[in-house]
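Only one structure is covered here, and it is reproduced in the block below.
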Amino acid sequence: MYMFVNDYSEGMHQKILDAIVKTNLEQHTGYGMDEYCEKARLAIKKELKNENSAVHFLVGGTQANTTVICALLRPHQGVISAVSGHINVHESGAIEATGHKVLALPSDDGKITAKQVEDCVKGHFDDPTAEHMVQPKMVYISNPTEVGTIYSKKELEDIKKVCDEHNLILFCDGARLGCALMSKQNDVTLEDMAKLTDVFYIGGTKMGAMFGEAVVINTPKYNEDFRYLIKQKGGMLAKGRLLGVQFLTLFTDGLYYELARHANECAEKLQNAIKEMGYKFLAESPTNQVFPILPNEIVEKIGEKYGYSQWEKRDGEMVIRLCTSWATDMAKVDELIADLKALTK
Amino acid sequence: MYMFVNDYSEGMHQKILDAIVKTNLEQHTGYGMDEYCEKARLAIKKELKNENSAVHFLVGGTQANTTVICALLRPHQGVISAVSGHINVHESGAIEATGHKVLALPSDDGKITAKQVEDCVKGHFDDPTAEHMVQPKMVYISNPTEVGTIYSKKELEDIKKVCDEHNLILFCDGARLGCALMSKQNDVTLEDMAKLTDVFYIGGTKMGAMFGEAVVINTPKYNEDFRYLIKQKGGMLAKGRLLGVQFLTLFTDGLYYELARHANECAEKLQNAIKEMGYKFLAESPTNQVFPILPNEIVEKIGEKYGYSQWEKRDGEMVIRLCTSWATDMAKVDELIADLKALTK
Amino acid sequence: MYMFVNDYSEGMHQKILDAIVKTNLEQHTGYGMDEYCEKARLAIKKELKNENSAVHFLVGGTQANTTVICALLRPHQGVISAVSGHINVHESGAIEATGHKVLALPSDDGKITAKQVEDCVKGHFDDPTAEHMVQPKMVYISNPTEVGTIYSKKELEDIKKVCDEHNLILFCDGARLGCALMSKQNDVTLEDMAKLTDVFYIGGTKMGAMFGEAVVINTPKYNEDFRYLIKQKGGMLAKGRLLGVQFLTLFTDGLYYELARHANECAEKLQNAIKEMGYKFLAESPTNQVFPILPNEIVEKIGEKYGYSQWEKRDGEMVIRLCTSWATDMAKVDELIADLKALTK
Amino acid sequence: MYMFVNDYSEGMHQKILDAIVKTNLEQHTGYGMDEYCEKARLAIKKELKNENSAVHFLVGGTQANTTVICALLRPHQGVISAVSGHINVHESGAIEATGHKVLALPSDDGKITAKQVEDCVKGHFDDPTAEHMVQPKMVYISNPTEVGTIYSKKELEDIKKVCDEHNLILFCDGARLGCALMSKQNDVTLEDMAKLTDVFYIGGTKMGAMFGEAVVINTPKYNEDFRYLIKQKGGMLAKGRLLGVQFLTLFTDGLYYELARHANECAEKLQNAIKEMGYKFLAESPTNQVFPILPNEIVEKIGEKYGYSQWEKRDGEMVIRLCTSWATDMAKVDELIADLKALTK
């Protein structure tokens, strides 16, 4: 059984493991104030080229989303998101648990547009009963999105422009950011992210680290007292050095990008092959998640040898998610392709 | 200028005012423990014919919705509602502020169906990642709905059945309940409400009282410690006797029903007349709110003499809400009809 | 049985009732946007002599405290209060329910000092683990306090100075503010309140109104979007005109002050008489609440004719609260004094 | 510089590291549903000897405290704690952020007594205004406490008895539980913990693991939907296998106990030596934290070679915390003792 279920089936990349092993018995200050965290922050900030950016390391994505949103919104304010956004679907209500409504906008490809955001915020403030409704104040996007699509630089610039005009905070969930940055369709850099968002994060958990997300706050006022919030929301690791060591390794010699590129290559090969076989997709993805629509009997057959995620049941067929990662064995990709071909006849 | 803007433009019915005046200088225990509250509870319970029902008086509707929902749900649980439900649109995020997601279901007529509820709850528990999502636990309906439509007894029974099968709590917002009960299309009684819901409330604010909502809890376990929650959520009036006096008056000699009947009659006359003029409606309403779709120039004209609510802008025309109440002057209804006819040519 | 239990046993002052009756059938805009609210705001602002002050009318005190605190604090911030402060004891956890810790300071007389506040805030920021603790950000005081004592102008100035130096918000609960302002020991005016606090409120419920608290925000930035919060926390009355009519009456021809003076005079007579009988007090109160310490057998005896609040059980004796109000009959005060004297031998 | 600052200065015990290395590239199901988590659960449950107990692995202590408390309390309920309890002091308001008041009881030695708990709960329910106050519903204790003291079996039994009588939930924070269990003064076993508490946790972070806390729920009804809460509060690690591998190692061949014993032995040697030098302690601790009261000049001197925590400033002297752990080098303990002796004259 080989798993294409998700991008966190394995532990961590060997270089990270080596660094963990090597530094294990060193004594360090806790809570992210150690020298490895400091070095990792510098390594990341070097790429951001934004002197204002502050970098914080949190353990996981739910914490990152929750902490950022509750740190920056007042109680009557909500966060705009694609209906498929992770915060709207898969956080067990963590955002609402901090008191904030997710204002979900329709989306087919996991993305939202500047126009949608503008209509939403104008619609609110034009309404004579605005005070009786949740005030849109933050825009949450994921890059890549939950269905693998990515934002172009132009799209980000347009959203940023609307946010600036309407005093909205732009926050980008980058749980798989590396895969967006290394996508063949991509024209966005980390430097752009630091310019075009107020806050974003660089995912580690799904990109080769054991765990960890690097939250980058580009607008200084939003950094005020942020560490109190990290602590309160449970994201401040006692042995913070573990996060520092991991991110320092990921941002040494371009490891982060290299791992993302591998994940994308595996997915691309898989998607292209499935496409050639004549199957359709939920959305064509330029990153490490592939969403083919396959007949039920084929899904069942490949399920005997490979792990996959069931995405959506349809009549006689199913949308499944096949996920590759830094750890994916390309030989297994080839094997899956061959098996699919055989089943397709 | 005569207002059809809402059903809370005037103060209170004369009989209620008389009772307030008459009892003003009596000394009473606070917080709803006085004799008028006790009598009002008994008067209401007499109509409920459910020995298990407990009655609490709160000041307003936001409090009623918020207090009931946060009293009965655990932090990971959400409340199913029509997308147009008051808790999803017009409570400034009060529900989310207590930590709970509103799980909005599509609806054209303001109602949701037993089938929709069942699909929602089954969809949740069938999902292998259910634990990562908000668990549906309560069903919120409004009767009448925000667009004036009402539930039939059969519809309520069907929803109740699904709730019982899936261990869901059924909660009905009755801010205008009297208008539902007195609608010509209605086949539901207060007694039915006490059987078919776990919790509902009997609105006073929009039904002739100065203010006040009587929350009725029919399932005893949900009544546990409810008064702590009323206090915490700001709904426990120091001079609770004011609520007792009002509801006792409303439930003496059928005043509550009489006032609702008057509101409905005014609306019916208005809706029928507008229909005869050939206009369409957002939804045909058997209660005290009427939602005609009128050309912009006509809306503008009648706006010079009458207050109305702007509901939805469309191309060249507008959905407006005309609202009647216990206090509406039928002569003014006739006048508005005449003016509309003249404008319609 | 005559009640000295609290200051909300009766309905409302006759002038307020007259105004309610007179305006009852007028049609008005809802939610505090009507002309009576506007006039009441102007009448109050005239006394504040602070152009920056904004006035909002809420239904009750729990709402006022909760709404102000949650509107102004971020999630990691707490509110300093005397341990006996209403928000620390008698709001059923309403403050914590909005996410904020009450940082309780010891107090014998219901007051806290500038020195205590300074020590608390310095202690926090000097601690190397400050980020792991709740950040003090607001100071809550009650004037008069829960035991009837009042703040001098000098004391308020000192607290305000510490707040300004440490960027703290000063919030004063004025549920019985009139009684402080009309106390013989008082040297504070409404104008001072508007200068020396960021937010305070002018209580109506306990001062002769049917219900209602006028929240005054003197620091404009704290007024931003405040109405969203009033709505969310359930304090925005649909028929807001009821609040406008009441506060307009209270602030016409000095009625507010006159009612407070009467309450104080009744209490003073009572306290002096009891003192002459040789009894001690929890604290000597210059306002409308009196806290004598009486032998249990005397408490029991007077309990047969008069309502009182049990405050604190001690060995063989009890601290009770006797509360007077705008509605207290001075003849009943005399009667109580006579009865106590007789019981005292 | 050698650190006695805390018990999380180093990474993890070598056996745990070996297990992490060995299993690194295996593919596993996420979120704690993998085979290592299952084996670790079984290994722990074997020691609990309670068939009803359920075991969950969370990343850190703030999450464990927050998740348990908010999962089990209703909004009007609070948690009793010693004033020095971690939840009352060092969680940045995490408990209040989920809506619950911490009801702090005075304590000199970090412990609370059955009598204190009983007085608190009786005091609440005897008060006629109970509904206006936070209802005590849970008792939080730490074993060992924040100052290193431990509960005897008798003390736990007494508290449990009061909890059962008053329908309170007993929750024990076991961040350093191993050190309590292995203390020479201890007479409590894991089996006792599973009988005498509703919920407790077995700390990993401070006991030799990289991170992780094993929450044990002994009362089945409190386990309902607990995983939703873990996810919502950010404690559900994507690569949950990391927690399974660690706890399986800790509970193989008694490693958990062995590491705790070492930490205690280091501390005991240190405390005894300092005592012999004639110094006093904040509290005498039978576990891995030692709290000597030393003259400022000596504190300053040893601060040049050793890390310590500043606990409390006093006149001319300071309470410091010296913390030992599984990783403490006994030779360094000897060196510190020698240095202290030399400084002591």
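Going by the order they are written in, the chains are A, B, C and D; count residues from 1 in each one.
By definition in this document, a residue touches a chain if its C-beta (ideal position, glycine included) is under 8 Å from a C-beta of that chain, and two chains touch if they have at least 3 such contacts.
Note that the structure is predicted; figures quoted are calculated from it, not measured.
Each of A-B and B-C has its own count of C-beta contacts, and the greater count is at B-C. Chain centres here are C-alpha means, and the one lying farthest from subunit B is D.
Between the Cα centres of subunit B and subunit D there is a gap of 50 Å. Computed centre separation for the pair subunit A/subunit B is 42 angstrom, with centres defined by C-alpha atoms. Here the spacing of subunit B and subunit C, counted between their Cα centres, is 34 Å.
Shown for subunit A are the residues in touch with two or more other chains, namely 75-76, 91-93, 97-99, 131-132, 228-229, 231-232.
If you check the complex, the residues on subunit C that touch subunit B are 2-3, 5-6, 8-12, 14, 17, 20-21, 23-30, 59-63, 66, 91-94, 97-98, 205-206, 210-211, 228-229, 231-239, 241-242, 307, 327.
Touching subunit D in their complex are the following residues of subunit C: 75-76, 78, 89-93, 96-102, 128-129, 131-134, 310. Subunit D contributes residues 31, 70-71, 74-76, 98-99, 131-132, 135, 225, 227-229, 231-232 to its touches with subunit B in the complex.
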